[in-house]
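Structure first, then comments.
Chain naming follows the written order as A, B and C, and within any one chain the residues start at number 1.
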Amino acid sequence: MTTTASGADLMAFDEALERFDPVMGLEVHVELNTVSKMFCACATTFGAEPNTQVCPVCLGLPGALPVLNAKAVESAIRIGLALNCEIARWCRFARKNYFYPDMPKNFQTSQYDEPIAYHGYTDLDVGGETFRVEIERAHMEEDTGKSLHMGGSTGRIHGADYSLVDYNRAGIPLIEVVTKPIEGAGGKAPAVARAYVAHLRDVLQGLGVSDVRMEQGSLRCDVNLSLRPFPSAPLGTRSETKNVNSLRSVERAVRYEISRQASLLVAGGSVVQETRHWHEDTGVTTSGRSKEQAEDYRYFPEPDLVPIAADHAWIEELRSTLPEQPSRRRARLQAEWGFAELEMRDVVGAGAVDLIEHTVIAGASPAAAKKWWLSELARRANDSGVALHDLAITPEQVAEVQALVESGRVNDKLARQVLDGVLAGEGSPDQVVASRRLEVVSDDGALSAAVDRAIEANPDVAAKIRGGKAAAAGALIGAVMKEMRGQADAGRVRELIVSKLS
Amino acid sequence: MTDLTRLSAAALAQALRTGDVTSVEATRAHLDRIAEVDPAVHAFLHVDAEGALASAAAADARRAEGVPEPALLGVPVAVKDIVATKGVPTTCGSRILEGWIPPYDATLVKRLREAGMPILGKTNMDEFAMGSSTEHSAFGPTRNPWDLDRIPGGSGGGSSAAVTAYEAPLAVGTDTGGSIRQPGAVTGTVGVKPTYGGVSRYGIVALASSLDQAGPVARSVLDAALLHDVIAGHDPMDSTSIDKPWPSMAEAARRSDITGLRIGVVRELGGEGYQTGVQARFDDAVALLVKSGAEVVEVSCPHFELALAAYYLILPSEASSNLARFDAMRFGLRVSPENVAAPSAEQVMEATRAAGFGDEVKRRIILGTYALSSGYYEAYYGQAQKVRTLVTQNFQAAFDQVDVLVSPTAPTTAFRIGEKLDDPLAMYLNDIATIPANLAGVPGMSLPSGLADEDGLPTGIQILAPALEDARLYTVGAVLEASLEEQWGGPLLDQAPALAAAAASSMDGR
Amino acid sequence: MSDPASSLTREDVAYLAHLARIDLSDAELDHLAPQLAVILESVATISSVDTAEVAPTSSAVPVENVFRADEARPSLSVEDALAGAPEVEQQRFKVPRILGEEA
């Protein structure tokens, strides 16, 4: 067991749950994929050279003024609608005032008591059960610059000698989605947290409003957690954990915080309201500098911007652009494909819904599409450590491979070699078949000769077959296939063997 | 050859059009005048001779092309140092921006350039526009050309003094609580604060975002109108700029009929607290308006008495936030704390702001931080915004009865340098008549109403119009100006003491 | 509503100065606190009027929905962006070590 700072042993998760009821709050920041920034026309391209996408506005130079990006507002409203929120008929931006070198104006233009969307909910699937997470609010704000901390040993802020700031990211539109306290998850809290972030990611992907790549920072999650002795007890003091950069981290961080806080409380200590930092490598959270008092942000309405009045017509127009809800889409596809509940769950779990859908559209049967993606291709993805959708093969190509099999041009085994070829970048399935000469030999003459040779080389086996043991044909088939380098239709080989030896 | 610096902007524009004079000649004449008198007046923080002459040459070349010209092509102008001018130092009168060269032009500067107006330089001001005497400039005060021992008003004392001293025919100022109008009043010149949103704020270093406006400073109503026409108009870079076409102010200034005009004298802006001579000249001016065909009634705007308090809560609040960006990280002054080995960013910020900001700025930042802080917001900032609504309603009710409102622009004539420096509250009272217009966003003009008997110093009359009715100010102002100048036998400025002589003698004394 | 404290103590001013990142000297603190107290007392007259039925001014201009299209335009050149920087390293703004936590 790892030791916490207090020296107490970390309580086992299950034991923690016997004694406490966890309550979570998840804050997710979504970086929108708009072409320009929230308040200025600078580009938002990821990975540009430092300070090449800045202007007086996003640099916070004296005299600069913000002008709101229409697309960002639309995306904010669509996100709110997709989360079943009320959309504010009238709202404003507010200044959140605090000093930090990555904030050019030393205030963040955000929304305070007038968020554009509020009081919504979203339903998750957690281990086969539906879990509803209520959404407190979704509001618009702007991102900060990025700092490199130099001179310290870890590259983190502690121990650094100085920092280098790049403001390319400053001013990129962010939507912050805040849940209401998530109660009643009990032992499933880690799974619920993970499922929520995954689900939110899917919703956002479906809306097309963000790249939602946690590893690139376009989806960021802060985890708030508190414990109470039992569900009807008042809420305990919560900690906030940042640097949670993957779905896996979300789950692990929740799990760890539950154990950590439980250990503290059982040992007679109390939870400090603070910001903690998650370490994926060591699997623990560590304390940030605890503040004596909460920062006073001195919010007031942003005087350089005018209010946003989203009228009914505009909201309904945006509502009509919402894609089908992921859960509804899945139910529909499951029915169309004739998959059982468990089968569909496997597909969803593998992140293969879109892939299979496109493979089916390209002509394959659902069963075949599922077979290829969930077995062969999933294995290859796992081996190379990439996500399924990052494999170098398209659904259309997979459908082509299936078509090759169905036409008899290749058999199953050869088809796998075709996949290898496509993944290796050798070209389309047809090109791979041609260049690697994988086509099944359909010339009976050549096959027949190979069968004769196998029979001659294996007289004992041949005798058994003549004697009625049809099952023994397998060895001969194997021999023929070996000679033919797999480029034979096994069924035809068997037929030839049987006819020659009967 | 006529002294080119004595020409009004309108007359100079005409002389340029007829080819009697070139822009290079006119610009050079003003640069010479600046060199002659500015050591004593100190209206300018930076003179851009090279840039101005280059623009002048370009204006002359453009005129030679024979295509339709902007009205003020080739007429030089001075710009308050709070406005960003690309490649030209912009300090806002503060040490924290000493040496800062903006990498961009304010929109209004772009418009000046597009109109072919050479920019002579940047004028002095109270630091970050906080003040009404220009004594809070980090680079020394500007002196009133009428009496070099007196203040020229503020925060835009430099722009008004430049125009008063014939160093520039026109200047651009900014007005948050009276910083164009009050200097106009104490220097005998014309100053206009347009309707909020009338002139783009993009590139104007923000003091109080919901109150700031840029406007023209000139020696006549027509000149101010001509400049107003150049700089006003919608700007997509400023979300608060008004998206409606404006009528021509110059045309409005040329209209000379105010028969039937209803004028309201604001009871709360006058009488006790206003210098006798100021009140007297105001009353005389009102009488002249009646003679010109207007009707006068008294109106009451009872909540104007709370305007000062509301203003000194709203302004510091917004300013405390606007000035947070001056933190030594990206531009401007960087000062490290003494005797600290490896100071943190926070320490450098604190040391820089302590060294770079003057007293008045510090006062208002602290005040604003307090007014916005947790537990005090509702009582201070929140309440002030409600009083602001009441002030706006007072204006609306008044304008239901009358077409324009009038008052003395400022309660006193120019006081002596140093006289009110130790008493912030006394200083704030200079803006008591001008502040209501900023709170409500309505346009206001100050024009000279004559000299006070007791000290022979200029006084100003303020005209206020409903939002969007800036043109009305110019019509009324022009008529009044004509009547007054007829009485005086010429512009009030003709009565100002000759500056060159005063400049020479005052320099002897230094 | 209780009358907000018009007496601003020296400690209050020191705290506010810290919030505003201004390192006021002792002399300044001595000097400023009473000045601010006087100003505050004067602006406290603002609470003398009943505003229960009054809405705060929500925006200085009577417009809503001012937007710009989502289009990218050229940014400042890197030289211009970094021109005023007190210190530059690796094409970034070099700032002293930051003590506070990242937001």
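Note that in this section a contact is a pair of C-beta atoms (placed from the backbone, for glycine too) under 8 Å apart; a residue touches a chain by one contact, two chains touch by 3 or more.
Everything quoted here is computed from the prediction, not taken from an experiment.
Q: Please work out which of A-B and A-C is bridged by more C-beta pairs in contact, and write that pair.
A: A-C
Q: What chain lies closest to the overall centre, CA atoms only?
A: The chain sitting closest to the overall C-alpha centre is C.
Q: Please work out the Cα centroid separation of chain B and chain C, and write it as a whole number of Å.
A: Those two chain centres are 24 Å apart.
Q: In angstrom, rounded to a whole number, how far apart do the mean CA points of chain A and chain B lie?
A: Using C-alpha averages as centres, the distance is 57 Å.
Q: Between chain A and chain C, tell me the centre distance in angstrom, where each centre is the average of that chain's C-alpha atoms.
A: Between these chains, centre-to-centre, one finds 40 Å.
Q: Can you pull out the residues of chain A that are in contact with at least two other chains?
A: Residues 56, 59, 61, 67-68, 99, 101, 161, 163, 165, 296, 298, 303, 305-306 of chain A each touch two or more of the other chains.
Q: Quick check on chain C: which residues sit in contact with 2+ other chains?
A: If we look for residues of chain C contacting two or more partner chains, we find 19, 21, 58-61, 63, 66, 68, 76, 81, 84, 93, 95-100.
Q: Could you pull out the residues of chain B that touch at least 2 other chains?
A: Residues 100, 103-104, 209-210, 236, 239-240, 320, 324, 327, 329-331, 342, 345-346, 349, 369, 373.
Q: If we count contacts the way the header does, which residues on chain B are in touch with chain A in the complex?
A: Listed in rising order, the residues of chain B that touch chain A are 83-84, 90, 92, 97, 100, 102-104, 106, 201-206, 208-210, 236-240, 317-318, 320-321, 324-327, 329-331, 342, 345-346, 349, 369, 372-374, 377, 381.
Q: Which residues of chain C touch chain A in their complex?
A: Residue positions touching the partner: 19, 21, 58-61, 63-73, 75-76, 78, 81-82, 84, 89-103.
Q: Under the touch definition given earlier, write down the residues of chain C that touch chain B in their complex.
A: Answer in residue numbers: 1, 4, 8, 12-13, 16-25, 28, 32, 35-36, 38-40, 42-49, 51, 54-61, 63, 66, 68, 76, 80-81, 83-87, 93, 95-100.
Q: Quick check: in the complex, which residue numbers of chain A touch chain C?
A: 34-36, 41-44, 49-56, 59, 61, 67-73, 90, 92, 98-103, 144, 147-149, 151, 157, 160-167, 242, 275, 288-289, 296, 298, 301, 303, 305-309
Q: Could you list, by residue number, the parts of chain A that touch chain B in their complex?
A: Interface residues on chain A, with respect to chain B: 56, 59-68, 95, 97, 99, 101, 104-107, 161, 163, 165, 296, 298-300, 303-306.
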